[in-house]
Amino acid sequence: MGSGDIVGIGFVGLGVMGQPMALNLLRAGYPLTVYNRTAARAAPLAEAGASVAVSPRAVAAASPVVFVNVADDAAVEAVLFGPEGLVHGLAPEAVVVDMGTTSPAATRAFARRLAERGCTLLDAPVSGGEAGARAGTLSIMVGGPQAAFVRVLPLLEVLGRNIVHVGESGAGQVAKACNQIVVSATLMGVAEALTFARRQGVDAARVREALLGGFAYSRILEVHGRRMLAGDYTPGFRARLHQKDLGIVSREAQALNLALPASALAAQLMNALVASGQAEADSSALVQVIEQLCGLAPDKPADS
Amino acid sequence: MGSGDIVGIGFVGLGVMGQPMALNLLRAGYPLTVYNRTAARAAPLAEAGASVAVSPRAVAAASPVVFVNVADDAAVEAVLFGPEGLVHGLAPEAVVVDMGTTSPAATRAFARRLAERGCTLLDAPVSGGEAGARAGTLSIMVGGPQAAFVRVLPLLEVLGRNIVHVGESGAGQVAKACNQIVVSATLMGVAEALTFARRQGVDAARVREALLGGFAYSRILEVHGRRMLAGDYTPGFRARLHQKDLGIVSREAQALNLALPASALAAQLMNALVASGQAEADSSALVQVIEQLCGLAPDKPADS
Amino acid sequence: MGSGDIVGIGFVGLGVMGQPMALNLLRAGYPLTVYNRTAARAAPLAEAGASVAVSPRAVAAASPVVFVNVADDAAVEAVLFGPEGLVHGLAPEAVVVDMGTTSPAATRAFARRLAERGCTLLDAPVSGGEAGARAGTLSIMVGGPQAAFVRVLPLLEVLGRNIVHVGESGAGQVAKACNQIVVSATLMGVAEALTFARRQGVDAARVREALLGGFAYSRILEVHGRRMLAGDYTPGFRARLHQKDLGIVSREAQALNLALPASALAAQLMNALVASGQAEADSSALVQVIEQLCGLAPDKPADS
Amino acid sequence: MGSGDIVGIGFVGLGVMGQPMALNLLRAGYPLTVYNRTAARAAPLAEAGASVAVSPRAVAAASPVVFVNVADDAAVEAVLFGPEGLVHGLAPEAVVVDMGTTSPAATRAFARRLAERGCTLLDAPVSGGEAGARAGTLSIMVGGPQAAFVRVLPLLEVLGRNIVHVGESGAGQVAKACNQIVVSATLMGVAEALTFARRQGVDAARVREALLGGFAYSRILEVHGRRMLAGDYTPGFRARLHQKDLGIVSREAQALNLALPASALAAQLMNALVASGQAEADSSALVQVIEQLCGLAPDKPADS
């Protein structure tokens, strides 16, 4: 499928993730119509050649495929079904691709409501952070009908590299929740290990090196472990977003009667990290909470 | 340094890890003198050409370098300083290499006592499990004097691939404790994520695939995640040994006033796993504890 | 203030708690108008002399003071502001007393919306379970304006014994959340202690007796500890309600960036209890989750 | 039984608990022979009329009943079986009463070794803190043979009020461990609740009052809750001792394959409390760890 098959693409939500993703679609040659609640954030897209619409409804009217990347369940609902929502402009057969992190339960409900009007919702949340959005190297976990997935795959390939159709509607959001569960548990382990080493008087950087070669290897140990050693918490993936995602895990766990003690612990530590004033730091700053608990002053980068 | 520089090698402790390690040294051409408390376990080594000694003391008398791989701090102490211990036979300048998992505090004390007699103790615990011991692909984390490390490095290179001199005496054991902290936290995360996916009605194998391509990647997700999906808990690394190692972490944490909540949680789940009768299973069977808590019958392998 | 000062009382929500509370008001001589979504539950009240209204709006039209005791935030919102909600029938100066467990944030929002119409919302959640509701011995934690509290105090004194005006709107719900935090942590402690004793081969009943005389004394150890020893989990306070309340704590904790690790752990164990099929059991059945984790079959009552 | 039946009493270990206990025995009219490793601590006893012995052995020679109150398992072992230990002076039929907190496993082993010499060890750890020791109002949990318990009961009644013979040897220590499990879990609950209230902007003192009247009542909420509100952490029971006792729980849990997640969490928070410099504070200062995690500066007493 070339760019000719999908005449126009819509993009609603031009935040720290959405803006670089929309730019990548534009640069790949797709005609783009965008909307953002705070209009100023649409300016860089307009300069790069995108049309700016006055509402999600107007985006929908111009686009058989619309990407959405907004903050939370309530924002997705407003974009889809609000008074000026997509639903009022979408053509039958249109596909909406929600790339934000939404709860699986809400996603499934939204998909049903769109299906009643002949449209399709794909849930397609991403992993890879702001850097991955800019570089077009995101991991994308997709839930929803196979046909719609095949139809938008060429567009997703502009945005990311590791694109998996996980299953039915909601399965992408479930995979994203699983991703955040694994990442937060691994962050806790790396944070505790490096703090253990420091308080034992052992060079934590050497310990990390030793561990990278064996079964303890993870990308978190490699990438975020380095951030912890350097004390450099430039995001990356912001603590407040990780906190939000663990809130989704917590609510789903309660709804399904799941006991997830490690995830629940990680959520509390993430709350503590945000409480300490680090909402906008990379979530690997979690190590500071462990350091504090262990009586260590936070690690300082060498020269700053 | 060739095998000529170290005339004879000693090996005390021929358990599931020690036996294949000793065999690898023998196959590499090193003359080997071995001892095991249960004499029968020395038979395969004898058949392969090793000399079998009647005591650690006798091993020491024949070997300027002695490897030790026994169960716990008390067993190491007995091998080193018991009535027929190594210390009564070691030549000055001899090096003892403790490859088991011993507490950092005990290791440092043992090293001091050996140093008083002119000998050197290296702590050199390993990661990689029974398969790694057989294949000679262990990760080895070493603590102790640089000169002794350089001297035994060619021997360690027979046993493993990723060999890091972490620091002073005890630093190898600290790195091993860190390894177990990271591995157990990651196991919890993978176990919770796969159980979350299953209880959401989503194909856990697809979720694992999606996660392998992003920041959630870890060797635990790759290797142990596969075991969890298959329900095949052939060790690998036995639950009772992981439990023992987390006990070391817990005691060191108390001694140094460290709060390590994720490691403490992992220790409790590992206790539960052993209580369920799975002491000899691979520690990735931890997922069964989470499944039980979440109201799932343990996952069954497809056809067995 | 006698029963003459408040001519008619309304009561919406006649579940396991609401029904006995409404009966107690009726027996104390107050003319009562009631409503329940499932009309059959109003029958015992009608037989005892209450008027049965067709909607919350109709209750409000007859009653300057209306009690509400429904399941959750959404149900309170529907009763207050739905198409046939109280708000459409309340006289100015009316007081609504929400005796259910509602989130502090939602309570404050509801109170503001009622205040805009000249009415007052008191949050007055209770502790003491079904037995306390029947006996009129509930603890009642009240938030909202002092004048309204004074006005309804004689009615509250019919329902409970320990009635505290905690503070402004929402403060009653905050106290209730605190109550559930304390109770669930204490339950965990008692459950772990009794299981520890049993697995040590020591008579858990004797241990409980020994502890009752010292600083470990709590009503939970006394009352719920006895239930755990007897294996009798007749509610009491149902596990699914405790689970729901801990969900409120969890969401408030995230909203305010609070790290509450013990409460988060209790929430997971309560999820596990419900997952095991014990949603309707007294929440002290939590001990069964600990017993399971410790490899014990659940304690059986002597003769059944 | 009057004081005449037991001619002389011995007391080894005159620390913060032992000294006031020994004084109470002396004041009750019992002739007392004492020993303390640091001799200066025996001076107040000597002034009050006690004989001071040069070793535990010498105490044993003068006393058919000897109380021991020393720091840990190793210290108990030294007092009992060291070169100048009690065992070398005890008459057959003598009873040793260990009032410190010792691990159940070690206690049972000590009891067996004493029994081989015809002597009896009772484990009789206490709860009630320094104030209870001075006032003679301790709770005492006793394990060991019934006959020996009956024999020393009049002496125990001098020291405490709530004296329970829990069971066989070790049962007293098991009960003490259970006491510390319950107390630490309750402390966590009270700490989290009061912090939750404060961060909600609600008067935590009013919340505590409201909770005291219901099922959340505990002596911890009453006594230690008041300390938390006042920010006054004068012991009481010192954090480092609570930490030590939770270490016993942790080791016993591992030895018996018990999963005790709340106790494990409490142990980590107690480690954090000690790490923060509060080893000598009352263990209710645990609330400071929660406050810190929740972004609150520690509560300050009003004017001091």
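So that you can tell them apart, the chains are marked A, B, C and D in the order they are listed, and the count of residues begins at 1 in each.
One rule holds for everything that comes next: a contact is a pair of C-beta atoms (placed from the backbone, for glycine too) under 8 Å apart; a residue touches a chain by one contact, two chains touch by 3 or more.
Computed from a predicted model, the values in this text were never measured in an experiment.
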- [ ] Have a look at A-D versus A-B and report the one with more C-beta pairs in contact.
- [x] A-B
Open item on the list: Relative to chain A, which chain's C-alpha centre is the most remote?
Closed with: D
Task: Distance from chain B to chain A - Cα centre to Cα centre, in angstrom - done: 37
TODO: Report, in whole Å, the distance between the mean C-alpha point of chain A and the mean C-alpha point of chain D.
DONE: 52
TODO: Any chance you could list the residues of chain B touching two or more other chains?
DONE: 253, 257-261, 265, 268-269, 271-272, 275, 289, 293-295
Open item on the list: Touching residues of chain D toward chain B in the complex: what are they?
Closed with: 243, 247, 250-251, 253-254, 257-261, 264-265, 267-269, 271-272, 274-275, 289
Task: Of chain B, residues touching chain C in the complex - done: 261, 268, 271-272, 275-277, 289, 292-295
TODO: Would you pull the chain B residues touching chain A in the complex into a rising list?
DONE: 104, 127-129, 139, 141, 161-162, 164-168, 170-171, 174-175, 177-179, 181-186, 188-190, 192-197, 199-200, 202-203, 206-207, 209-211, 213-221, 223, 249, 252-253, 256-263, 265-266, 269, 290, 293-295
